[in-house]
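These are the structures in question, set out in turn.
One chain, subunit A, appears in both complexes that follow, with subunit B as partner in the first and subunit C in the second.
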Partner chain A sequence: MSSNTFKYPTIYNFPPFFTKQPNLQTFQIQLQIWQDLILDYCKFYKIWSLSINGQPNTTTTSITDDDDDGEEDVDNDDIDIDVDISKNSIFKNDKIERYAKSDFILDIINHMIKNGKCEWIDANNHKFGLFIYWYTLEEWADKLYDWIDNTGQNNTVLTLYEIRKSELTENQEFNNINLNLLIKILEILVKLNKALILKDDSGSIVGVKFS
Partner chain B sequence: MSRKGLASFENHSSQQTKFQNLGQQLLRSQHEELETQFQVFQNALTAFKEQYSAEIMENPKFRTEFSEICISFGVDPLIVSTDKNKSNTTSETDDKYNHLAMRIFEICQLTKSLNGGIIPIADMTRMINNEAGVDPMMSSLHNSIKEVDVQKAISNLKNIGGEIQMIKIGSSNYIKSIPQELNSDQSIILATCESIGHVSVNLLRDNFGWRKIRCKSNLEELVSNGLVWVDEFGNEKLYWATSWINKEL
Partner chain C sequence: MTSPYSSKYWKKVFLSSSGRPILLPNERDIIIQDGIGLYQGDYKLIDYQRGRCYLTNKRVIYISDLDPTSKSKLRGISLDLLLIDSIEIYNGFLKSSPKVIVHMLPIVEKNSNINNDTTSLKIRPHEINWVCQICFFSNVIKFNDVIKLQDDWSLLPRCQTCGMKAERDQIEKLIANSETHATERADIDLLTFDGSQCQKCTFINHPSMVDCEMCGTHLVSEGLPPSLLKNALGHDNYDDDKKQVIPLEIEQYSSMDSVDDLVIKFSFRNGGHTNFYNKLIGAIEQSSWEKNQSDNTVNKGATKIYKSDLPEGQISSKDLAEQLQLQKSKSEVHAAPSIGIHGLQAHSSMKSYETSLLLNNSLQDLENLMSKGKELIKLSQSYQKILMNSKQSTEKIDENVALLHNSKNSIKILDNIITKNEFSTSYSNVNKLTGLLNLKNGYKSDSKTRSGLPSLYIEELSRQICEFLIDENILDKNNGLITLYELYTLYNKARGVNLISPLELYDAVSIFEKLGLNLKLIEIPLTRSTNKPLSASDKDKIYIVSKKKISSSSISTKLLTLLSNNSTTGLSILQIQSKDDFNMNYLIIQTIINNLIAEGSICVDIRLQGEVYYINEIAKFDWDAYVKERDKGGEDDSDDTPLQNAGNLSTRPSITYGIGDDLYSDSIKKPLSAMKLDGNSSHETVSASFNNDQQLYFNKSRLDELKDLDFL
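This part shows the complex of A and B:
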């Protein structure tokens, strides 16, 4: 197996793993293993956001992508609101022909939300999917600010594109980060007085000044 | 903040250093204090162990709780188990088996909610060999643990936690770390699960001639003890042995 393929834990091939376990204690450990698996999986493939049916989410949310970077997001498959398990879903294992049912998937998601490991992108509209926090927002904020600090970019203005997609951040873990996730992280830094978000007349973000 | 002239900068940075030094000092003294407290507690625990060793040996509930406290504070609960008269001459081999026994105890605790407290001795041996490389206490044993070592260590463990014992299900050896005993029906079910992965009510009825209620009640008890997991996919519920969780397909 090559190292650029995610190695699932052996329990992923254990058919009952996909059934909500009736024994409460077993169910708790099952939720925990699902959570760890999803976090490891997303971290491995740098998946910032999952759709509710367990696929990497490439759509952007209700917040418009007003980045002036001319980026080419690989959107925009329509996501079914119903939990429709199709290809490439972490909740489906073709090898053993098992998939998790929607109520169980929701249990897993709620468990992760409770632990601060994911969040609805739009609490009122679950079809936008989830942000998956393999690092917490605070940890991301630290990583971003450390990079600014270590590269002496305090007091310079950066565009969101430069942070996300430019050569500057090629080797950083937040390279290619989801735009809306980045904004959430910047908002944390703003609260800590470590960053200032610069907007144009129409309210679009044009850049960030770190302090 | 008002800044006037270069001098204010110097002032600022020297203050900063002072604060940092003070902070570090505080941290250091807190750390030392905690370390002392920890040491005191460890000593108290060891003293307690010596004083009450007879009781610890006799009362299984007390013993289990005491072992858990010991482990979380890095005190070896097993020293109590070695015969007091020869405790000063504990040989290196005894040490080795005591460490091994402690790991077995810990792994049983850690995996209990996953496997219901019954684990194949082969799995246990593999897990210990896998991690021996990272545990300095065990490094000399890396990849050299055999099933017989695990068995020997478990007989040592009997001295502190009678709950941990070897059982045979079908043709394989297991380590059981729960007080409940398996009835003969349940042993048959687990042995069947072990060889083909899963059983169902119909499978039990057809192969052993049991009535439906007998199949169901035994399976339900195994589920409620966490010893089998339920697979609701096809037409019939399947019950899987937890030992298959670690199988590489």
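This part shows the complex of A and C:
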């Protein structure tokens, strides 16, 4: 078995797992397992955002992304995917022919939002999907700053592209990070006075300087 | 201060499993009264201070409210109406309750001689049937008459219809026959003896059992030897003459002389004494009259005038039940033995009356059958057409037509049999019903019961329902459970007339346990839909009548094991129903399952085909343990049927992230440990604490629910 494929836990093949359980206690446990599963799944495939159907999101960049249009396609290609997960929904198990109903999915998402494990990309428009925080933003910020610190890049200016795509970050977890997510992380660092965002005249970000 | 005492007048009464007396042939209830205590002379009889009295046309039966399981004392004792000399009434004064005082006839010494005779025979002779050689009427000689006959052969009986005297040879032969039969039966091999086999459920009980251990049916163990008979608590009470001294205890007395053997008092603590007194007078008169009639001492030599009027107060209602009663008592009058042509005439007219009744009934059914038959013929004709069209061999058609014809005939015969059967059963139930009716009408209403009917009536109804359940073997047919709805329809269908209301049934069934019957009523909150929140469905309840030993928890454990045996596929309710042990009402299973879901031990998979139930693997699943196992373990091959290992975390295959990507996996582990240390809102720690809280809450609420569910 290839280790490139996500190994679902046994519970994933248990048919009642896809039904909203009438028992409240069971339901809470079920939500928690779903949350853990989704986080694990996204972390494994480096899925930064999910659509509401449970598919990896490809449209998130459309809001503010000023990178070239082919960017996201490149992203997807960079992930070593044996199975075409972009078409597979986590909420659908073809093996046992079960899928979670939309109201149940909403329950799961709300549960995760409550626990700070995900966030609507646009709270007013759910079709853009969700950011999945397998690490919280603060944790990401720590990771990013640790890397800067460890590699002695304090006081150097880096472009966002360098952080996301360059060879420097190849072995880092935030390699290939979603652009909008990265901006959110950088904003946290700015608040902590650990970074400075450099913008051009039109207001778009050109680089970041870590202190 | 108590002292032992024995009375010659009290006799054992055999009780049915529901605690009602088993009546003798031709015996019927007249009145029932509760809250009665017994006195012998001026002294209380210990353990017979709270009970109820059944006045029948032959006996006064007293049944004490003792615990039915204690066999130390007899619950049911009776007085023979024929042994009552006179009665008087005492209206009570201050604290002493009203009483009916019964003076008994002194027992003649001759009776005890007969007693000795019976014991010397050491067998239990039966009634002897002899067939008149002139008119072939089958006459019956009662046991005491047989004894008399053996003393004095001049007392040979006469035929009840034509009046011819029986021949001595014939009678002697018959007696000898019956005796050899009886002696043969007297030796009992416990292994081969089948008298204690239950007629309903075929369970072979110990010979000294009175009721069947399994289903509670009264055992008919006719062939028991006298020694065993004694153990079997008075199986001999069908014999009027055979007496067994009942050990009684009376309260406080100094010397034996002061107890008046002949005076027995009934103390009416709940009132009703005047009514009882009046009925008792009537019953005593009636019984002595009947006794005289059967002894042929009434109007000897006088011309017979038919009298169909019965003493007042016995018949009041115009119901069908009452009419049947009337017909019965009429026929009793007709059947009074008279001799010669008149007797034959009366006998034959009675016979023709009975057959006409039967005929009327069957004619109606026949008409119904005819209409059905017409439909059948139509059907067969169309069938014939089809066959003709297909031009198959005509022989086959002929065969089919003949078969249809035959089946029509057999249906006719079957129908007749069924109507006859129903007729006889309803006939025998009439007595029960009239007794109940009297109770229902005769007493002040009781606000304690839901239906507002007198509690005495409800208690009696409860006993009858219990008998009905046991006699018809309903519980065993339904795996020991029946919903109240089903019981209601079944019972009312069996009654046929004077149907009871649902409230009456509820009241009657809910006091099963209070009456010490082997049945009980279970209430289960009814949850029709699993999606509804539990609190909303609390007001709905399903009522189930079951045997005492059956509990819903035993059923749920059985259900759980069944589900865990089928953990890979799960089971729907219909599939559960098809299993042998769960052949019960859909509602019951649904309710049990919903309770199990509420308890959290099973979960549901809702799919297009319906709901399928599984053991709750979700609650058992532990993500932390799973992740630990996965990170620690090597690269196992995938398990295609992972559910087989579900619930057993240690055997679960584990998974690692990317091959050789040491840095990657290291970088996972580091933040994990870091997060756990600072106790931030990382998902692992949250989920761990969450799980613990859940577990606590889960266990506590589960305990509460178990308490609620614990209706055992």
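As a convention for this text, the second predicted complex is superposed on the first by the 187 of 211 C-alpha atoms of A that agree within 3 Å, B and C clash if a C-alpha of one lies under 4 Å from a C-alpha of the other, contacts with A are read in each partner's own complex, and residues count from 1 in each chain.
The working rule: contacts are C-beta pairs under 8 Å (C-beta built on N, C-alpha and C of every residue); 3 or more make two chains touch, one makes a residue touch a chain.
Just so you know, these numbers come straight off a predicted model, no measurement behind them.
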Looking at the overlay, does A:135 come into contact with subunit B only (first), subunit C only (second), both, or neither? second
Does the superposition put A:44 against subunit B (first), subunit C (second), both, or neither? second
In the superposed arrangement, which partner chain does A:13 touch: subunit B (first), subunit C (second), both, or neither? both
Go through the superposed model and pick first if A:26 touches only subunit B, second if only subunit C, both, or neither. both
For A:124, decide between first (touching subunit B), second (touching subunit C), both and neither. neither
Mind working out whether A:35 is in touch with subunit B, subunit C, both or neither, as first, second, both or neither? second
Is A:202 contacted by the first partner subunit B, the second partner subunit C, both or neither? neither
For A:171, using the defined touch cut-off, is the partner it touches subunit B, subunit C, both, or neither? Pick first, second, both or neither. second
Identify the residues of subunit A that lie in both the subunit B contact region and the subunit C contact region. 10-11, 13-19, 21-23, 25-26, 28-29, 98
Using the touch definition from the top, list the residues of subunit A that touch subunit C in their complex. 1, 3-4, 7, 9-11, 13-19, 21-23, 25-26, 28-30, 32-33, 35-37, 39-40, 44, 98, 115-117, 134-136, 138-139, 143, 171, 173
Residues on subunit B engaged by subunit A in the complex (per definition of touch): 113-114, 116, 198, 223-226, 229-233, 238, 240, 244-249
Subunit B touches which residues of subunit A in the complex? 10-11, 13-19, 21-23, 25-26, 28-29, 95-98
Of all residues in subunit C, which touch subunit A in the complex? 530-532, 570, 597-600, 603-607, 612, 614, 616-619, 621, 623, 626-627, 630, 635, 637-639, 642-643, 645-646, 652-653, 655-659, 663-664, 667, 671, 675, 680-683, 686-687, 690-691, 694, 697-698, 701-702
